[in-house]
Amino acid sequence: MSMADVPLSWYLILSALLFTTGVVGVLVKRNPIVIFMCVELMLNAVNLSLVAFGRYLGDAGGQMLSIFVMAVAAAEVAVGLGILIAIFRLRDNINVDETNTMRG
Amino acid sequence: MELLPWIVPLLPLVGFLINALIGVRLGKPGAGLLATAMLWAAFACSLVLLGQVQAAPGKRLFSPEFVWFNADTLSVSFKLSIDTLTALMLLIITGVGALIHGYSMGYMSHEKNYSRYFAYLNLFVFFMLLLVMSSNLVGMFVGWEGVGLASYLLIGFWQEKKSATDAGKKAFIVNRIGDAALLIALFLIFRHFGTFEFYGEKGILTKAGIDTALGNGYGLVSTTVPILLFIGACGKSAQLPLHVWLADAMEGPTPVSALIHAATMVTAGVYLLCRTHELFLMAPGAMTLVAIVGLLTALVAASIGLAQNDIKKVLAYSTVSQLGLMFLACGSGAFGVAMFHVTTHAFFKALLFLGSGSVIHAMGGEQDMRKMGGLAKKLPITYATMFIGTLAISGIPLLSGFFSKDEILLNAFAGQAGNAFQWGLALLVSAMTAFYMWRMMAKTFSGEFRGTEEQEHHLHESPISMTAPLGILAVLSVFSGYLNPAALKAVAVDLPDTFGHFLGENAGESIAEVNHNTELMLVLASVAVAVGFSLFAWRKYKKATNGELLTEKQRQSGWYELAYQKWGFDELYNELFVRPGKQLATWLWRVADLRGVDGLVQGAGNMIGSLSNLLSRFQNGYVRSYALTMLVGVVLVILTSLLGRGR
Amino acid sequence: MILFLIIAAIALATALLVVLNPNPVRSALFLVVNLFCIAGLYLLLNAYFLSAVQVIVYTGAIMVLFLFVIMLLNLGTPDRSLNKLKAQAPLAVLGGLILAGTLVWAVTKGAPPIALPTEPMVGLDTLGSPQGIGKTLYDPKKPWLFPFEVTSILLLIAVIGSVVLARRSYGEEASKS
Amino acid sequence: MSILTLLILVPALAALIVALAPQGATRRIACLGALLTFIASALLLRGMPGPDGFFEDSIQRSDWLPALRIQFHVGVDIVSTLMIVLTALLSVAAIVMPFKISAGKEKLYFGSLLLLEATLIGAFSSLNLVLFYVFFEACLIPVWFLAGSFGGEKATKALMKFFLYTVIGSLVMLSSILWLGFHFQSFSYIDIQHGLVKEPLLGQLGLWLMLGFAVAFAVKTPLFPFHSWQPETYAACPTAGVVLVSGAMAKLGTYGFWRFCIVLFPEASKQAAPLMIGLAVVGILYGAFVAAMQRDVKRLIAYSSISHLGYIVMGLFSGSTPAISGAILQMVNHGITVGGLFLVLGLIEEQTGTLKIRSLGGLWDRVPLLSRVFLILTLASVGLPLTNGFVGEFMILLGTFQNFPAAATLATTGVIWSAVYMLWMFQRVVYGPARSEQPLTDLKGTSQWVLGFFVVLVFALGIFPKTFLDLISPIAALAAPMENK
Amino acid sequence: MSEILESLQGLLAPLVIMVCGMLVLLLDLRRSAFAARKSLALACHIGLALAAIACLPALNVASLAGVKFPGSDTPVTQLFGAGMTMDGFSALLDLTLCLVAALVIGMSGRYLEDKRLAFGEFYALILFATSGAMVMTSALDLINLFVGLEVLSVALYILAGYARRELRSEESAVKYFLLGAFASGFLLYGIALVYGAVGLGAQRAGMQLVGGSYTNVMLITEVLRATMHTATPLATSPLFVVGITLILVGLGFKASLVPFHTYAPDVYEGAPAPVAAFMSAVAKIGAFAALARFLQPLAIVELQTPTIRHIIWGIALATMLLGNILAIRQVNLKRMLAFSSVAHAGYLLVGILASLTLRNNIAIDSVGFYLLAYSLMNVGAFAVIVWLGHSGEEEFTDIRRFAGLSKRNPAAAATLTILLFSLAGIPLTAGFLGKLYLFYAAVGAQLYWLAGLGLVISVIGVAYYLNLVVQMYFREPLDESNPEVRGGVAKNVAILCAILTLALGVLPSGILGPPSPREIDGPAPIVQPGLPSERVGGGAAPPGAPMMPR
């Protein structure tokens, strides 16, 4: 099997890099929706390493966990987008750089 | 009847309590009568005690004691011990005191706070008696402080007058300086002797006690202790440099000056030294110090006395200088002589003060001699008695002052550490004494009246209640000298030294012995000086109708000015202590306290406040920077955990 | 092996593009691609069911939802001028690099080379198959059942949430009385 | 239930009733409560000391917080008894004294006073360290409300300082308490004392623990550098409140020094003695000097008590039995003297509407009785023999001199300064011509009796201190280990 | 099937509440405004009461069995495949949660009406969030922890933005949501790493999984111990260390520990007062329960992972400091309470840290008690805000408006004063005993510096709480108007909280239970060498441990 000799660590590295990309994305983007997409990226990275681990351990736990992650992600998306729409209703802009009426 | 010693001090105390609590109801003469009666009663008891003492074994008897306070080894009790020294003081205090009480009844008759006055007076006598009778240092200290209080109250008796209350305060505080030294002396003594008792088992003044103390390393402080005691004495007896309060103390009623600031309280210092002469004799250094200070005080005070115009001030400074002579005697080891002078001085100085009091009374409160003159005709009795007093103090032969002062001079010359120089200065003092006393007499009684019209109209001889004491005291000041007429030895009339014999051990026997010729020389010299200067002053001032010898211009001259300004001690102290002290205190308060100590506290608070403002910058409300903060946190946490993970 | 490398490369590239390009819609599309790649990796890891779910749920549902909202709020590229936090980007990148470094180091050091447990290529109850998933999910010895139930509550909450937040005229009705 | 529990409950309940009762009745209820407490507290003096000095019949020990072995554990020895009686006495004085209270504040006024009394008694009688801490800190609150609501807006800053300052101190103490509690598996004072006797904590550890306590008490007393809260707080408090604060609450500090530093950590106290005595001496002189310059009598007395409490602390740490007995006696004395002084000041302030020295004067003939009492109390605080001020001070100085001659010598000069500022103050306040023409009323009725009692006490304690010293000395000997210097 | 039933009745409390939540939604369908509100609230209260009753039996289970593992002899109650448990600790916290929920529902009624907000969904969300927190309190498996956390958070996101007409509310929702999702990303990554690390470790130690999963806390403990003295101990494997740290981060966000606290003030300020009250209490309870459980495995290997301990030490100190210092300058009461809640999180973390060293339950109990006390006083304080708020205008949060409150509304002033004193830790209040308890444990765990510093720092806290009291009592009122308008239930809630605070402070014996065992001081010794080999043999595995020899 060709993929047999792909070491576990490669998957982990890949997921680590994806995860970091997501993190950086959250920090640099200003559009909350995109920020949120970056969060999704992070979650997927996590899923990747979960599945990889599971595969190499011959354990189902990894896939189980990632299923739950997906479900949770779905729920978050629904709520998150709802909130964004609500705030958009109040003022036609959701740029996070302008939402700091509360500070100090 | 062993309670008798207690009765003596308690009588005036009772008088005080009654007068203090219900004195107002007793009314005018009542309060005074009560107080005076108490004193006479005390005098009587003292006489009885005197007899008992003479009979007692070792010429000393003790009262039952009442333990005051105690903690393990420390035990302090109220206990009285009477020996001849005490008995002498008792007689002086109660006797003179009684006379002055009587005198006051007349003198204060117009006073509205009549009963309070006598209450204070009794209180004073109580503490004074406690001072001289107590058998231990603490009890003595109680009396010591007590008389200070009494004099504070009496000097400030006319509390509306700021000058009076100031003087009272000054007296108390200056005394307190001495008291502090005295306290330290007490602590040292307790540290080495382990007791405060004078006599009895291991008493301070007993051979056994001193030996044990030396065992506990008393040797190291054997000079310090007497010096500290002496500083205490300086405070009470107005010696340099603590003499400044006595002159101001004249703000008080004149009888008070007579009793407290001439006859009794101020001699407490001398009493202390005589009482503890055992300790002093161990420390020659201290002795010389005492002698020097005494001599200096005598000179300075006398010189100041030359230039004063306030009749009471003259007497005050003469008191200071006389006290100086007494300390000189102590310093030269002649404690008995010092006590002898205390006695005679008590009589004639009280007499003089009371006399001046009667003059002031007649003058309606006027004290400035420049406004007097020619009172001899108006106040014959006063004049006569004061004349005698003055004769006595200026050392005219055959009066009390002559004998006591002569003894002092003798000891200054030939006593322990005595020398011609000392003698010379002492002679100078007596010369000045003679001069200013007669100056005073002349300015007051001779020449013609220089006061206002209605003063002249108002002039009258004082009532019998005031003149009677004058008479008695005059008699005393004539004859008390014959208790120890040693001076007559010079002219080969050898009468017994009753006084010294009477005191015996209690005032370390050390009468200087010199060969007959020198003694004769000395006596003659002092007689010459006394008589000479007296006559000189008397005739000069009789001639000077305006009562002044010096012209305005001469009065500007340095020496006179210096003397008139009392050598500028008050100003000096103001510059040296009072003003800097106030500045320091203000600085401590305004700067050290409010800015320094409190500033630190406030500063800490403000610092946190500003820190809070600083940190709140990061709380800028932007999601992304919050996220950044989180990331930073994450990175830090992960790095530390990885770097620090064991193995 | 090669397959993995290719997919990995694409995945990384798209991920970076999601972050780098300014336009939300494009980012969304790149994310879709990225998710596809991950689904592919799942296949490589024998997680067939999961990769299917990945494609259906994520790419199919979630991303569409994203695009929907983006269109609905028709968000264009935000203009640079509004950027209030200048220092943000560099700091973020710096932090990101450090984080990446640390993580990579950690995973390489922590994951030893281990042989894959051999198992039938495509079987009925391999781990990755729906049956396998189902069996494990309801196995009473395993902890998965309970969270599964709780997730239902989570979804219920999500429904309520979107209703409460997004429904226009709610308050008026609530307050009639 | 021990009588102590009653002593704590009665004033607390009285405060509660005051809070609920109608305006008119408050004063009567408060007086009743205070008097009851005083009488009950007097009964304590009959107690029979047990082996370790505590009166058996007074001890009560019941669970409060079993999880941490914290008990409601109260009991008194003679020292705490004296303090409690003093507290009760001062409370009676402060409450019975017919001061006028601005309308609408009666409840708060009497309520706080009673609460303060309760908490103080609690602190003096607790034998459980945590319980002590609870009362120690709780007594801040009434003082705080009292000063706050009478001191007005300007006082708030000072009050904040007062509260925080004290709390910092007591929290440091709390860490020491927690350590001990964990180390000995008990917070009971008696257990810990026995434990410490068995295995004394030597060296640094003991020192740090002791200092942990010392800080709290140094603030409460207050000792020299920790005093800056005090004058302002006194100034803010209504004078009757100050009677309790300075007369009783300050004693909580010195009492704590004695009970928790000297007795628990004799070794450490010996090590720290130079430091503490140094601070005390500085405080003695410093307080005296600063007092001399004050323009307000209240502040003057405040600074003067820094000086006087300095003597007490010095005596406590001097490690010689006479000094320690003297210090304990002096706690009572200072309480009475300063309490009486503040009562007098309160009356003066009520009469003339001010305590500014500049605007006072000429009271001697207008209010003779009051002035006489004032004079006596002034002399007492100057430490004149035969007044209560003298004996304690003398014993303290004498005892301290045996171990620390230099310090004692410096402190002795204090007798000069105290005379300076007290007499100067008295002269300016009482003597001289009257400043204003408004008619003043002299002591009469209740105030006459109360102050009369104080005067009697002044002389009684001055002439018959032996009665108390005999009770104290066995306790004071507890510090004997330090004796052999 | 039977075991599932057992599990179900073992874990009744959260289930009851979930069901109750759904019922409320159904009831809400027949919406007839006001009448409905009362009935709904009643339904909620009944549900909560039932849940509370369901917790009671577990109360006397020796607290933290399963966490204090090894050490305590009592067996762990394992439910749902060792994924959940129910013991004294979780029972106490569940009770607290029920109480909080009930109080919040009580106070929010009229508030919602004034703001014209729907209450059906509100109540339901409150209940669901509560159930989520309950899942967290009794989770033994990371997956349950995660799901419970999400249930709680998602509900809170919605609640934060519940006042849809107010920009602040929405803004706080956005912030909370974005940062929350961000944080849960880290949490997940941590879980993944731990999962992998433990799995690999188990394989190395030659264990094979038959029940439970690699994310089970007991299993983690097992593996840690088993590999302790092998060549590659799990405790030091980078995967595991990073994983645990990231989990700490994820939970730290919910517990608002510095530096993950930044959202808290904005969210609390923006969210409706009752919601703020709710989240301040519930989120903390959930997070700290999870921290308490999932950091325990470190207790047995402390020497091998001392750094985690140092990190927690630092975070605790920073949290106490920053929270208190930033609270000083606040003029908005809600914001001040937010920062103060950060500070309190710091105190709680001290307790958690102590629990890693102490052999007995003192530390954990102290955390539990402090959470209870803290919830009471915080909820009470927010209740006062609700009580004083006028309908129409914005909430009564500006501290300046409290000036002279004692004259205008003595009851409110007194209540708030008691609560503030308790928050400040003044004696005779629950707050004081809580602190005492925590720091006692800390001293027992020889965290002298942390304890000392914490105590001194808490003085800053006293400063700003007292400042408010000064406002109410010593300052002159700006206007004479009596602000009380809403009053009603909120008033009773506030007063009830104050009374409970005092009661806990004066007579705590009831809650704090019997004295804890005597032999306690000193850190737990590391398990003897040789033990692991037995463990690998598996014969000595404790009852119910999901292990079997290969």
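Brief remarks on what is shown
By written order: A, B, C, D and E. Residues from 1 in each chain.
Just so it is clear, a contact is a pair of C-beta atoms (placed from the backbone, for glycine too) under 8 Å apart; a residue touches a chain by one contact, two chains touch by 3 or more.
What you see is a predicted model; the values in this text were computed from it and never measured.
Counting steps between touching chains, the shortest path from chain A to chain B takes 1. Counting steps between touching chains, the shortest path from chain A to chain E takes 1.
Of all chains present, the one whose mean CA position sits nearest the global mean of protein CA atoms is D.
Using the mean of the Cα atoms as each chain's centre, the chain most removed from chain C is B.
Of the two chain pairs examined here, C-E and B-E, it is C-E that is joined by more C-beta pairs in contact.
For chain E, the chain whose average C-alpha position is most distant is B.
Once the centre of each chain is set as its mean CA position, chain A and chain C turn out to be 5 Å apart. Spacing of chain D relative to chain E, judged by their CA centroids, is 44 angstrom. Rounded to whole angstrom units, the spacing between the C-alpha centres of chain B and chain D is 38. Between chain B and chain C, the centres computed from C-alpha atoms are 103 Å apart.
Shared interface positions of chain D, defined as residues touching 2 or more other chains, are 164.
Within chain B, residues 605, 616, 619, 621-624, 627-628, 631-632, 634, 638, 642 each touch two or more of the remaining chains.
Those residues of chain C in touch with two or more other chains are numbered 84-85, 88, 91-92, 95-96, 99, 102-103, 105-107, 111, 114, 144, 147, 151, 154, 157-158, 161, 164-165. All chain pairs that touch, listed by label, are A-B, A-C, A-E, B-C, B-D, B-E, C-E, D-E. By the touch criterion stated above, chain D contacts chain B in their complex at residues 161, 164-165, 225, 227-229, 286, 289-290, 292-294, 321-322, 325-326, 362, 364, 379, 384-386, 391, 394-395, 397-399, 401-402, 405, 408-409, 412-413, 415-416, 419-420, 423-424, 427, 430-433, 463, 465-466, 469, 473, 476-477.
Interface residues of chain B, counted against chain C in their complex, comprise 622, 624-625, 628, 631-632, 634-635, 638-639, 642. On chain E, the positions that touch chain A within their shared complex are 143, 146-147, 150, 154, 157-158, 161, 164-165, 167-168, 170-175, 177-178, 181-182, 184-185, 188-189, 191-193, 195-196, 199-200, 203, 209, 213-215, 265-266, 269-270, 329-330, 335. Across the complex, chain A is touched by residues 1-4, 8, 11-12, 15-16, 18-19, 24, 27-28, 31, 34-35, 38, 41-42, 44-47, 49-50, 53-54, 57-58, 61-62, 65-66, 69-70, 72-73, 75, 78, 82-85, 88-89, 91-93, 95-96, 99-100, 103-104, 107-108, 111, 113-114, 116-117, 119, 127-128, 132-133, 136-137, 144, 147-148, 151, 154-155, 157-159, 161-162, 164-166, 168 of chain C. Chain contact summary for the complex, chain E toward chain D: residues 362, 365, 421, 426-428, 432-433, 436-437, 439-440, 443-444, 448, 451-452, 455-456, 458-459, 462-463, 466-467, 470, 473-476, 508-509, 512-516, 518, 521.
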